[in-house]
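First chain A sits with chain B, and in the next complex the same chain sits with chain C.
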Partner chain A sequence: MIIQFCPQLRGDTLSLSRAGDRLIVNGDTIDLSATPDGAELPADAISNDWLVGTVRRIADVLHLTLILPHDADAPESVRFPADIVDPADGPITLPGEA
Partner chain B sequence: MTDTTHLGLPFIEDSQAQKHVTHNEALRILDAVIQIVVDDMTRTAPPPSPAEGQRHVIASGATGAWAGHAAAIATWQDGAWVFLAPKTGWRLWSVADTSIFIFDGGAWQALAPLANDVGQLGVNTTATTPNLLSVKSNAALIAAITTADGGSGDARLQISKQAAANTASVFFSDNHSGRAEFGLSGDDHFRLKVSPDGASWQDAFVIDKSTGNVAFHGFSDAAAMRSGLGLIKQASLTDATAERVMTTGAFGLGGNVINLTAVQSANASRPTGFYYCNGCSNMPTAGNGWLFVQQLASDYCIFQFANASDGKRYTGELLNNVWTGWTRQFMRIGSNATGKWTIDPNGWQICTQSINVPAGAFTNSAWGSYRDCGSWALPANFSAIYGAWGQVVDGAVGSRSGYASYIYATFSSVSLYVSSPQNSPDSSTFTINAIVMGLAA
Partner chain C sequence: MATIDLSKLVTADMKAAQTRQARIAAIIAERERRLGVGFAYDFGDTRGVHRIATSEQDMRGWDEVTKIANAMLALNDPVSTIDIVTEAGPVQVTAIEWQHILIAAAAFRQPIWTASFALQAMNPIPLDVTDDQYWL
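Let's turn to the complex of A and B:
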C-alpha cells in the first residue's frame, strides 16, 4: 500500500490506521480488498471525503491519495508531505506527527 | 529722754558742757546710717587696715572686736569700730553683692536682683491675675546671649504646662477676642486652632506627637487625609483600586510593560494596560508576545497581541464574559503540495493551483468534444465559494488554445470539465491553472 497525500489548509484533523486492505479514516472503514490487481476505482465510488483521486492496485499494491489537513503554520514536511509506503497494520503516523 | 527714738541720736541738755561732743556724736551716727553703703556682709572679723568711715555688716559668728555684734553695721571712726544695731526696715547697699538688703528684724534680706521672683510684673502696663506678666508694647524681643558673651547662642521660649490635659499654647487675638491658637491644647498633640469670633474653635491641623503625621481640617487623621486627597499610591503596578495614584510603570506605562508569567492566562480579564506574555496560557500562537488590554469591565475586554518573534498581530475579545477567540490581523500566505493560498484578516481566501490532468480521451459530440477531468482537492478549505476559474495551460497551449475549461468548486475540491471545438482532440496530459475565491473555513 502506498498512501499519497493531498495537503489542505483546514481546521479538522485526520486519524488513520490500517488493517490489511482496509483503511480506517477518522473511524470510517474503507474496504479496498475487493479491488483487483490492475483495477482503478474513482474516488467518487467511495463515500469518504478524505479520499481523493483514483484508487489503483498496481502489481498488487494499492495506491491511494488522502487529504492531509494542516494549519497555516504547518511545517514544510506537512505542507509538502512524503508518501507513506507499506505502513504496518495499526495506527499510521501521519506527516508532522511525532 | 536723752536719745532720739529711732536712730538713738543724743540730745544736748540745757546746761550741758562741751555740747560739741554730743553734737558730733549725733553727726557720726547720722553719717553712719544715712545712705548706708557697706563693703560686704560676710566678714566675721574686722579687716586689718580699715579706712576712716569703712563700713561692714558683721556676719554671725564674729570674733575679736566684732564678737557679739552679728548683723550690726560696723563703722571705723576715729580709730575705733562703732557698732550700730539695725532696726526693722533699715536698708543698705552691699557693694560686694551689688544688691539692696533690708533688715527684717532678725536678719538682712537681699532684694537682689531686683526683679527676681517677683509676684507679678507689668511692663508699660499693670499686671493682674492671671496675667502675672503683662507687657504693653508694639514688639517684644528675646535675643540670644552670644557665645562671645558666655551664652549658648540659642534663643528659646519655653511654655511648659503641668500635665497633658492642660494647655501650653500661644494665643492670637483681635482686640482681645481670640482668632488663632497653636500649641498643646488639652493634650500633647500639636495643633493650630482658629476661631471666627473667639467663641467657636476648630482645628486647622493636628500633628500627632508620636508619629508626626499631620491631619488637616476635614480629615480624621493622616491616613484619611491622604485618602481624601487621592494621595494613596497604588499597591502594585497593576493595582487598579479607584483613586489610587499611579506610579511610573503602572500598567506598563512609562517604565517596562507588565510581565505576565506562565501561571497567567493571556486572555484573562485584567486592567487596561500594556503587558508581555512570557509563557502564558491561551496565547494565540506559540512563542511569547506583547499584549495590550483595554478593559471596560471585568467581563468586557479587548486584547491585542503581537507575537514577539514575527510581530504578527492577533485580537480577541471578552464579551459579557464570553471569549471570542483570537483573530489574526495579518495576511496569511502559504503553500503546500496542492497549491497556494492567501487569506486576509477578514477571512477572504484565494487559492491557486496547477492541476496536472492525466491523459485521457475526449467524448465527441456534434459541436466538438468534452472531457470530465475529475475532482481535485483544493490547497485550502473554504466555508463559502464566491468564484472559481480555470485555464488550460501547458507546453501545447498553441494547439489547445481553443479549449475551454469549466470548474466547479465545493468547499474542499474542484471538479474539472474541458471542452474543445474539435472532435478527438489531443488526448495527452495537460495542466489547468485554477483560482478559487471565497471565505476561509
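Let's turn to the complex of A and C:
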C-alpha cells in the first residue's frame, strides 16, 4: 500500500490505521480488497470524504491519496508530506506526528 | 464502514479495451487523413500530370463521375467526355480514361485500407499509429 497525501488547511484531524487491504480513516473502515490488480476506483465510488483521487492497485500494491489536515503553522513535512509506503498493520504515523 | 460502488470499478481488462478502442479510433483518423491526401495521375498526353483530390467530399464527386462513365460505357460511347476538376484545374476525360483513373486511385487507396486493417489487428496496437512504417 502506498498512501499519498493532499495537505489542506482545515480544523479537523485525521487518524489512520491499516488492516491488510482495509484502511480505517477516523473510525470509518474502507475495505479495498475488492479492487483487483490493475483496476482503479474513482474517489466518488467510495463514501469517505477523506479519500481523494483515484484508488489504484498496481502490481498488487494499492495506491491511494488522503486529505492531510493541518493548521496554519504546520511544518514543511506536513505541508509537503512524503508518501507512506507499505505501512504495517495497525496505527499509521502521519507526517508531522512524532 | 464506508460503502464502495463497485459499478464504478474499472478493471485492467476494461482499461485495456478502452485503450484499444482509442487507438482504433486513431487508426481510422489516420487512415482518413491518408486517404484524403490525393495522388498524382499522368494522362500521358498534353493534359500532363494532375493531382487528383481524394477527400471525403471529393469522393462524392467521384461517385457522380463514375455513374456517368458507367452509363457511357453501357451505351458503348468511348468518345464523349466528362468534365472534371482536379487540383491542377479542369480537364476532360472519356469514360475509359475515367476507368484508368479509378484503377490508379485503387492502387493509391487500397494499400492504405490494408495497412489500417493490419494495424487494427495488432495486439497491442502501437502507440504511434501515424508512423509511416505502418503504412508502407
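Definition applied: the second predicted complex is superposed on the first by the 98 of 98 C-alpha atoms of A that agree within 3 Å, B and C clash if a C-alpha of one lies under 4 Å from a C-alpha of the other, contacts with A are read in each partner's own complex, and residues count from 1 in each chain.
Here, contacts are C-beta pairs under 8 Å (C-beta built on N, C-alpha and C of every residue); 3 or more make two chains touch, one makes a residue touch a chain.
Quick caveat, the model's predicted, so the values are computed rather than measured.
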item	value
Superposed partners chain B and chain C on chain A - clash or fit	fit
Which of chain B and chain C A:P36 touches, first, second, both or neither	second
First (chain B), second (chain C), both or neither touched by A:D28	second
Partner chain(s) touched by A:V61 [first = chain B, second = chain C, both, neither]	neither
Touched partner set for A:A19, first chain B, second chain C, both or neither	neither
Chain B versus chain C as contact partner of A:D44, first or second or both or neither	both
Which superposed partner A:Q8 touches (first chain B, second chain C, both, neither)	first
Distance of closest approach, chain C and chain B, by C-alpha atoms in Å	8
On chain A, the residue positions that both chain B and chain C contact, one per complex	42, 44
Of all residues in chain B, those that touch chain A in their complex	285-286, 332, 334-338, 341, 343, 374-381, 412-413, 440-441
Sites on chain C touched by chain A in the complex	1-12, 15
In the complex with chain B, residue positions of chain A that touch it	5-11, 42-44, 49, 52-54, 67, 69-70, 72-74, 78-81
Chain A to chain C touching residues, read off their complex	25, 28-32, 34-42, 44-48
